[in-house]
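Below: one structure in structure tokens.
Letters A, B and C mark the chains as written, and numbering starts fresh at 1 in each.
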Amino acid sequence: MQKKYVKALISFFIIIFLLTILSRGADSVTVAAVKVQTPRRGSINHETVIEGNIEASGKSKIKIQEGFKIDTIFVERGQSVTKGDKLLYLDKEEIEKQLSKLQVEIEILELNKQSLELQTYENIYEEEIKKAQIVLDRAVNDRNMNIQINGVELENDKRAVEDAESSLNLAVKQKEKQDAKNEELFKKNENENKRLELELQLKRNEYKNVEELNEIGNIVYAEKDGIVDEIYVKEGEKATGAEVMSIIDTSTDYIFIGKTDKEKAKYMKAGDSVSLKLSGKTIPVDNAEIKSISPEPEDSTVKITVILPENSNISHGMKATVKHIYSTDEYPRIIPIEALRSDMSQYYVLAVVEKNTVMGKEKTAWRINVEVADKNDTFAAIGFIGDEEIIIKSSKLILEGERIRVEK
Amino acid sequence: MTFKNKITHIILIALSLLFIMPLLMIFSGSFENQSQLIENLEPLFNSGNLENKAKWHAIPMYPTLKSYVEILLDSPEFFIMFWNSCKLVFPILMGQLIINTPGAWGFARYDFKGKNALFALYIVLMLMPFQVTMVSNYIVLNYFKLLNTRMGIILPAIFSTLSVFIMYRFFKGIPNAVIEAARMDGANEFQIFLRIGIPMGAPGIASAMVLGFLEYWNMLEQPLAFLEDKALWPLSLYMPAIRPEVTGGYLVSSVIILIPPLLIFLIGQKYLEKGIQASGLKE
Amino acid sequence: MKMLLKKSRKNQNYICRNNKKSLTGWLFILPSLAGVSIFYLIPFADVVKRSVTEGMGSEFVGLRNYTTVLENEAFLLAAKNTVKFMLICIPLLLVFSLLCGVMIKSIRGRADIYKTAFLVPLAVPVASIVLIWKFLFHENGFFSMLAVNISGNSIDFMNTDLAVYVLIVSYLWKNTGYDMILWIAGLSNIPAGLYEAASIDGAGRIKQFFYITLPNLKGMLFIIFILSVINSFKVFREAYLIGGNYPHTSMYMLQHLFNNWFVALDIEKLCAGAVIMSIVTSVLIIFFKNSIEGGR
């Protein structure tokens, strides 16, 4: 009977022993292993990568005015041209037609003007007045004579005088009417004259211009060395005055043009140096400088222009990426971004703290709320904390207050 | 007679059950589902008279091993404290064996000047409650820089005079004739002690060990007063803060804590009884 | 005669081997004695010294610390509680365990199981049992529920003067087995012949109990009494685990007080209190010793 109890006792202790090991094993599995680090001094780098293209900064555009017809195009896109090369052959038929037309119009105008100038303004009623005056005078004379002879005004004479007076008045009025009419006509003709003058001037200018055009040779030559960039017209098209061709001036500097978000652009400013990498090549070009940053109105991007240093390997149209690094001042406390945690609205880190427990001195995770001054994808700069070590990596998810094991 | 016998038996059975009942309650509760326990026992943790009284089901409502798993597999602290208890009790018992057995033998079989006075002193010390010896303990431990260490608990306990007393009784009971005979045969004192004293006094030694185990396994005051470092705490200190949520674990640990003393008690019951008797029997 | 002879021979041996034995005796007890001195005797002397001095042991103040302690309210409360506790529970325990012992002794058949059942509480750690006591005695606990069913009122044991009953029950539960074994030992020592003679004389069982059993147990009574008193100090454990460092006043025992003084580093009071207790205990022990020797 007693032996049974003794056996039971021994088994009990063995079981407890095994369970001790088991529970330790279970515990160590559940206890997370962490890596720690004390925050260090450092700056945060904000790196922006912009994609874009290389262009030659000098591009010349060839415009052809209206009236010409593009007869022949001698070059094609991408073709290198040297100064004096033929580019286009223009058909002047239109121009000549226009010239003739203009000439005719001018002559017509001049004739019109002339005829205006020859205009006279007669007034026939002046004769009438004279005549009426004479009649009046005679009537009056007659009257007066008769008065002298007879001593009395004869009815006939009176009427004769009256008639003569009214005829005279009538003539005067008619003359005045006619004068007014003549005045009007005169003014009208003056205006017309001016108008014609102006029109004439216009036509003459036009004529001059077309004449000038006419003097342009039929052939358009390249003014500088370059590469034909874009050709906007086809043979047979009429020129509209817009660009027909653009040519890249190979003697100018190359620039890089790319677009990026406003957000990223806030770290860059004109004058910053960036490094450029041509796609397909591995060696970057350093010391390129940002020439300008300008916001695009249609969307929230900005256009970045970068001046490239002399480099024979660059040519127009290459794709490239530009890398810009903005380095902040040194912050006193930088931690890897994995060490920064957040819940709802507050950032925090987990620090290692030793607590005195039954298991002895145990390391546990301790939450410390922090302010984040700045961060990028790999690091964050945090506000003041003590000199504890921060957990930067853990083998599994840990919560505040949990025990942890620190790995070296 | 038989009727009276039967009645006495019945009464004794009833009383026995009454006495064992708390044990059974602990045992059954340890298998009870934790939420059920919370529900049952929550009234105990609220002051003020409640409509709801606490309950205890004789047979668990929702038997489960979960509390056992929690304690046995998920709480390394439990085992640390368990082994702490062992690390205290077994050295104490070993120490008592080595030091107090010769001591008891000396008092029992030899006469020397001042023996009676000394022994009386031993008895006085044996019966002193901890309140009295606490202060002196502290002073000594402080002096030897043993505060907050295991030895600070183990050493004073080894020199407890109760075990001396118990073993004394048994050694005293060994017939002189046997000793004399051995002396005649030329054995020296030490050999007599080893070859005769210990075997014949074995019941006394065993009962001292059993009583000692029961005493030190449940030792509360000394660790509480002198062990500050939680990593050293024995199992007897595991449980003071009871909350409804941990009652399952509490009960399980109670079961586990009482298994060793129970087994040892069952093993040594005979010796225990003899030991108790020895402490009371007249010389 | 035989005994006389034996004694003298013993004396002869004693004289002859006096020195050698004496030395061996000392050797055997030396380790124990050394430890006991270091850990108990010498420090106790220090405690006595501190109890009559003040201010880190510089000033001799005579019995002033003692008066302080004896006038200290907490001390008086704790002492009163302790005495009250003992006055209630010790007689209860003695009678109850005696009855159990008598019952066990009287039955025919296997008594071991009962003995085991009664002794098991000794093996149960205090911490385990506290929850059960809480369950039984809490305001919302088992007995309270019974009380509600009976009288309509609940009983809160823990926070009222009834708290001491919790300790009493716990004490009885734990120590009945212990005392019972002692009674049984004492009962076993009464020669059966006395009972036979008495029953032949016509005395009934009850008369036998009062006239034979009890007188013969007198010696045992003292011993058990003393031991129970000593064990009653240990009830602090239950009080602490149920009520913490500052339990209800009726549960406030001396150990609580000492613990709190300890924490507060009230050394003078502690030492004076310890000396007082040791004097009281020693007085009890003198009784004990006399009863042992008296019974010879």
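Quick note on the criterion: a contact is a pair of C-beta atoms (placed from the backbone, for glycine too) under 8 Å apart; a residue touches a chain by one contact, two chains touch by 3 or more.
Predicted model, so just to flag it, every value in this text is computed and none were measured.
Engineer: Touching chain B and chain C alike: which chains?
Structural biologist: For chain B paired with chain C, there are no chains in contact with each.
Engineer: Taking the mean of all protein CA atoms as the centre, name the chain whose own CA mean is closest to it.
Structural biologist: B
Engineer: From chain C, which chain is the farthest off, judged by mean CA positions?
Structural biologist: If we average the C-alpha coordinates per chain, A ends up farthest from chain C.
Engineer: Roughly how many whole angstrom separate the Cα centroids of chain B and chain C?
Structural biologist: Chain B and chain C have C-alpha centres separated by 16 Å.
Engineer: Averaging over Cα atoms per chain, report the distance between chain A and chain C in Å.
Structural biologist: 104
Engineer: What whole-Å value do you get for the distance between chain A and chain B if each is reduced to the mean of its CA atoms?
Structural biologist: Here chain A and chain B have centroids separated by 94 Å.
Engineer: Please set out, as single numbers or ranges, the residues of chain B touching at least two other chains.
Structural biologist: In chain B, residues 264, 266 touch at least two other chains, as defined above.
Engineer: Which bits of chain C are touching chain B when the two form their complex?
Structural biologist: 10, 14, 18, 21-29, 31-33, 35-36, 38-44, 46-47, 50, 100, 103-104, 106-109, 112-132, 134-135, 138-142, 144-145, 148, 154, 156, 159, 173, 176-178, 181-182, 185-186, 219-220, 223-224, 226-227, 230, 233-234, 236-237, 240-241, 244, 254-255, 258-259, 262, 267, 270-271, 273-274, 277-278, 281-282, 284-285, 288-289, 292-293, 295-296
Engineer: Which residues of chain A touch chain B in their complex?
Structural biologist: Per the touch definition, chain A meets chain B at residues 2, 5-6, 8-9, 12-13, 16, 19-20, 22-24, 26-27, 356-361.
Engineer: Quick check: in the complex, which residue numbers of chain B touch chain C?
Structural biologist: Residues of chain B touching chain C: 5, 8-9, 11-13, 15-17, 19-20, 22-23, 25-26, 41, 43-44, 46-50, 52-54, 56, 98-100, 102-103, 105-107, 109-113, 115, 118, 120-125, 127-140, 155-156, 158-159, 161, 164, 176, 189, 193, 214, 217-218, 220-221, 225, 235-240, 242, 247, 250-251, 253-255, 257-258, 261-262, 264-266, 269, 272-273, 276-277, 279-283.
Engineer: Using the touch rule from the top, collect the residues of chain B that touch chain A in their complex.
Structural biologist: 72-83, 229-231, 233, 256, 259-260, 263-264, 266-267
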